[in-house]
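These are the structures, in structure tokens.
Paired with subunit B in one complex and with subunit C in the other, subunit A is shared by the two complexes that follow.
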Partner chain A sequence: MNDDDARERNDSSVISRRDLLRTAGAAGAAALVPHSIAAAAPAEAIEAGAAALPGPSIATAPAPTGPLMNLTARETEILSAMVDRLIPSDELGPGALEAGALRFIDRALSEAESDSAGAYRSGLAALDRYSHYSRGAAFVELSATDQDSVLIDLQTGGATGANVGFVGSSGSFFNMVKSHTWQGTFGDPHYGGNVDFIGWDLIGYPGVRLQVSEEDQRALEADELTPVRRSAYDYATFRVDQ
Partner chain B sequence: MTAAAAAPSSAQTPASFIVESPTMLTGVLMPRDYSPDGRNVSPPLTWRGLPEGTRQIAVLCQDHGAGRPPPWVHWIIYNIPGNATGLPEGVPFDPSERMPDEIAGATQGNNGWGLPMYRGPAPPGTSLHHYHFAVFALDTELDLPPGLTRDELLEAIEGHVIGLGSMVPLYQRQPSGNGPQFPS
Partner chain C sequence: MATQLRGTDVVIVGLGAAGGVAAYPLAEAGLDVVGLEAGTWLDRRDFAPDEIRNNYRDWPMLIDKCEQERPTSRATSETTARRVGSHPMMNAVGGTSLHYWAQSWRLNPWDFRVVSETTRRYGRSRVPLGSTVEDWPFGYEELEPFYDRVEREVGVSGQAGNVRGAIDGRGNQFEGARAREFPMPPLRWTAFNERMAEAARAHGWHPFPGPAAINTERYQGRRGCGYHGFCSKGGCPIDAKNATHLTTIPKAVDTGNLRVVTQAHVTTVQVDADGRVTGVNYVSGGTEYFQPAKVVLLASYTYENVRMLLLSKSNAYPDGLANNRGQVGRHYLSHHQGAGVTALFPYDLDAWYGLPAQGVAVDDWADDNFDHTDLDFIGGGNLWAMSDRRPISAAGMSTFGRGRNWGSAWKRFIRENSDRSHYFYIQKTTLPYEDNYLDLDPGVTDPLGLPVIRITGHYKKNELALAAFMQDRAVEWYQKAGATEIVRGGLGNAMGASTHAYGGTRMGDDAETNVVDRWGFSHEAPNLGVLGASVMGTSGARNPTLTAQALSWRTAQHLVESWSDIAE
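Take a look at the complex of A and B:
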């Protein structure tokens, strides 16, 4: 991609520093909350809905472990490094890796995002070639600062013209991974990410509620509202098989 | 279009001064490390002969052959102390990282990608583009906020530009990895 093209297609998304992500992350999480949550429901109905679920709550189910299903060991290594830079673990708390975004993406590649599997394969290989070409080392071997710089080059499309194998624009690949990383960090835990509600804690999202009382609102404004540790799918209202 | 043409109007014509670089020359391809073919770090600049009364300095890097409308902005940095003699190579792109002591207080504006940092040339295909580094000497100390756009910066320094210098290196993508060497 050249400078003009980059300007045409560049959205308002900004590279990956956590302080810049926080705002967008909050918006992303809010967007994943079903609209019907806004509708008030009696408290007893909420409890009844939650109690009707069989088995352990998704929120309390142990996070899966073991090798990934779709990515090779090398692809896993590169994607893990990229996800770790998009939302790093730092003094503000755990980041995307700890939230399970990597496993979320791997799972999605055999389910809802199966059409993106090829884009991941080619994009991760191109990312590593670009790192060698521009910085003289594999992506995983670069310092965090150089990894960030490489990712900015992907985002802005500067890596495209290096002819290292990006299919289309390097910015398209960057935006795809960023989008999936956000989903895996800030989305509902039902989908395999946001382990231990790390993403929601990061952006201060107080959790899915079917009813918000005046007392809740006051507590929220005072930053004293206790978060609800529950997936939306822990409520009968949102279960698709009901 | 010259860098002078990008300068905001002033009560009097700004004085000229010399802008140079230890690694770049006007009219010569810049090293790939200042582009996404390399490390994509900001290039070093030096200046001399600033007009008396210079209190602060601002720098713009732009490509008048790109952008809709042109120019495409690659770098904006301002709040540079008036006694600075240049910019070191590799000014931090992370806003949380401290600026080098010699340019303490310097602040970066938003480039054409909306990012507050230097991002080097990436002209399309094999085209050759000109990159105008314009250095503005200001007669006052402005405390400008981070993230200004080119237009916002030019508006902010309107009437305070007492000196102007520039250099115009070139760039062309180098996918082979064999970039030009700076003449020794």
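Take a look at the complex of A and C:
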């Protein structure tokens, strides 16, 4: 695929989506306000011997907006585009950006994954260099199709070339971002991702329960179990003061 | 200079699955016991059902000491060892029993007599060349009363298959005779478990529910399992998993004779000129202490037990404590439980609310339960169809060759299939060999400057042939249950760090080939005992913890009964 193809396929929907991200301070999740989970049955917690306390739910906190703390605006833009291709928003529903995976990664880089901050910085720069080198344009300027083909090169370790310079291999960078994107989409909302339970709804996970009775299991098997909308940390046992 | 503390009868290094059990019979008998634990007390508030924390950030295994002592590993002595990425050790009162899967199996009687039984049935030549396997110094019958005691004191649920020789088809007909039933009924089965059991029966096999140190009803004041789905690498938020910090340790504390010292990082075992141990040195809060004791029981993880011995050098033991015959670190094996098989089903398995200890076992192909005359290996594997799933790992499922594992097409795939995959990890007989061993790494140290353990080992012909055989059985089972896609994993190569780490301080009558005697005490330093799977010489086809706990109880009882011989 040559550079002209790439520009041709850079259709308007992709551009407008990217512009939207820029406008929103690159926090794709900002546009979505999570549903309240206040209606979650307190019986769940009582049954487990851990009555839910009243008070603000961590999972219902609005997705934070504004710039990320650990990445520059440019890095954020590239990462947004990548995360958006990994789990896209499409006719099946919202994707990783809407789930807050970007915010999840940013928070993780301040905390448990702080050792990875350097790998993000150098990897995102290398991704952009590879995009210029192999497709003749910055990653965010490519069409979705070309972005996908670049990411396939990354995943298979094939994103090499003069001055591209992935530390280790492009595959290890790809896998790191993929793993964190999955955590930020399908993990507990406590960490800033899985906003509005987008990830759990996608795969049909019926939510965190402390006590699952035999009747609950039979209901699950009959597709009649109502999903629980709460973070583990909404249960009184694990509630942490923020 | 270490601060000298008041002496005690027994010091236990490590209050986990093994030391936490031994403390109870010792304290109950009136001995003064000090339990030194590198970690702290944790409770149900520490055990949030949180996949990110437990399974991706490896909390709480990343706590301080054990993380700093991560072993290195390599396949053979010709290669350079690299530090392993993750490890199974943990520092807390209760140790790994806090977050383990709690499968609580007894070994099969064959596992105690691998050499003599193989020789009797097939000839001596069938014991693989290069293996250092020996019969245990005693048989299953000797350990049975201790299995029975631990099953009751700790609390194990399950279905008996052989009570005093009477076979019960609901349980494991291949198990050794037990004195009585389990104290609690087994964990329940899901519809998928039932389906797998039916498929096994259609093959003429004998499926049964596995045993677990998990309450299935109110037991000793604690509640039954909540099936919340976060048992793997997570503690139990309702105290239904019978970790020793809930069971034997509190009972020992209640006697008034066990003093638990937390955040105590033991560095060396001290000896006198006669080669008897005199106590241990530990660091806590930056201060070094010497805890004198008449008897020392090492009860940390296999890698830590071996490391402590190798690090404790003295005039009496220049190559490490209890190592004058060079046996410390030998006869090591990581249980071969990889070489798994993955399947995709055309229906939901409804596995979101389960646990790894909940499932269907088949022992028809385990141990020596089938004729090996025309086979090229000895031993066997335990087939285990569990019900366990969490969302992040479910979304990370194999795509079974249907294209890349991200993007819109993938999204459609997981929306349909995230609850339709299943994985057999298969626990198999694993033998010790001449050139598989533990020693101190020459280049990697912890922050105190002390070398970490180096694992050198790989699976051999017997393990690989057995792995291929077990994969065939697993495929047959999945096919009968209606799987549409079945993928086999590799047969195995290097041994990494394992949650099932056996040997290194093997138990046996022959002091030339074993570190501890039949009671678990050193052949060289008579008042030093070792607890844990590091004393086990064979793996069997099942989880080691219950056996390690039964052996611990037996060692402790022997110490009580032989106090004056051992301690004075």
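Assume the second predicted complex is superposed on the first by the 176 of 242 C-alpha atoms of A that agree within 3 Å, B and C clash if a C-alpha of one lies under 4 Å from a C-alpha of the other, contacts with A are read in each partner's own complex, and residues count from 1 in each chain.
Just so it is clear, a contact is a pair of C-beta atoms (placed from the backbone, for glycine too) under 8 Å apart; a residue touches a chain by one contact, two chains touch by 3 or more.
This one's a predicted model, so the numbers in the text were calculated from it and none came from an experiment.
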{"item": "Subunit B versus subunit C as contact partner of A:148, first or second or both or neither", "value": "both"}
{"item": "Touched partner set for A:237, first subunit B, second subunit C, both or neither", "value": "second"}
{"item": "Partner chain(s) touched by A:158 [first = subunit B, second = subunit C, both, neither]", "value": "first"}
{"item": "Most subunit A residues touched (candidates subunit B, subunit C)", "value": "C"}
{"item": "Which of subunit B and subunit C A:178 touches, first, second, both or neither", "value": "second"}
{"item": "Partner chain(s) touched by A:133 [first = subunit B, second = subunit C, both, neither]", "value": "first"}
{"item": "Which superposed partner A:221 touches (first subunit B, second subunit C, both, neither)", "value": "second"}
{"item": "Intersection of subunit A interface sets (partners subunit B, subunit C)", "value": "148, 152, 155"}
{"item": "Subunit A to subunit C touching residues, read off their complex", "value": "48-50, 85-88, 90, 92, 95, 112, 148, 151-152, 155, 178-179, 182-183, 185-188, 190-191, 199-200, 202-206, 208-212, 214, 216-217, 220-221, 232-233, 235, 237-238"}
{"item": "Residue ranges of subunit A touching subunit B (in the complex, touch as defined)", "value": "1-8, 10, 12, 14-15, 17, 19, 133-135, 145-146, 148-149, 152-153, 155-163"}
{"item": "Residue ranges of subunit C in contact with subunit A within the complex", "value": "44-45, 48-53, 56-57, 188, 190-191, 223, 226-229, 237-238, 348, 350, 352-353, 391-392, 394-396, 404-408, 411-412, 414-415, 418-419"}
{"item": "Residues on subunit B engaged by subunit A in the complex (per definition of touch)", "value": "35-41, 63, 66-68, 72, 93-96, 112-115, 117, 119-125, 173, 175, 177"}
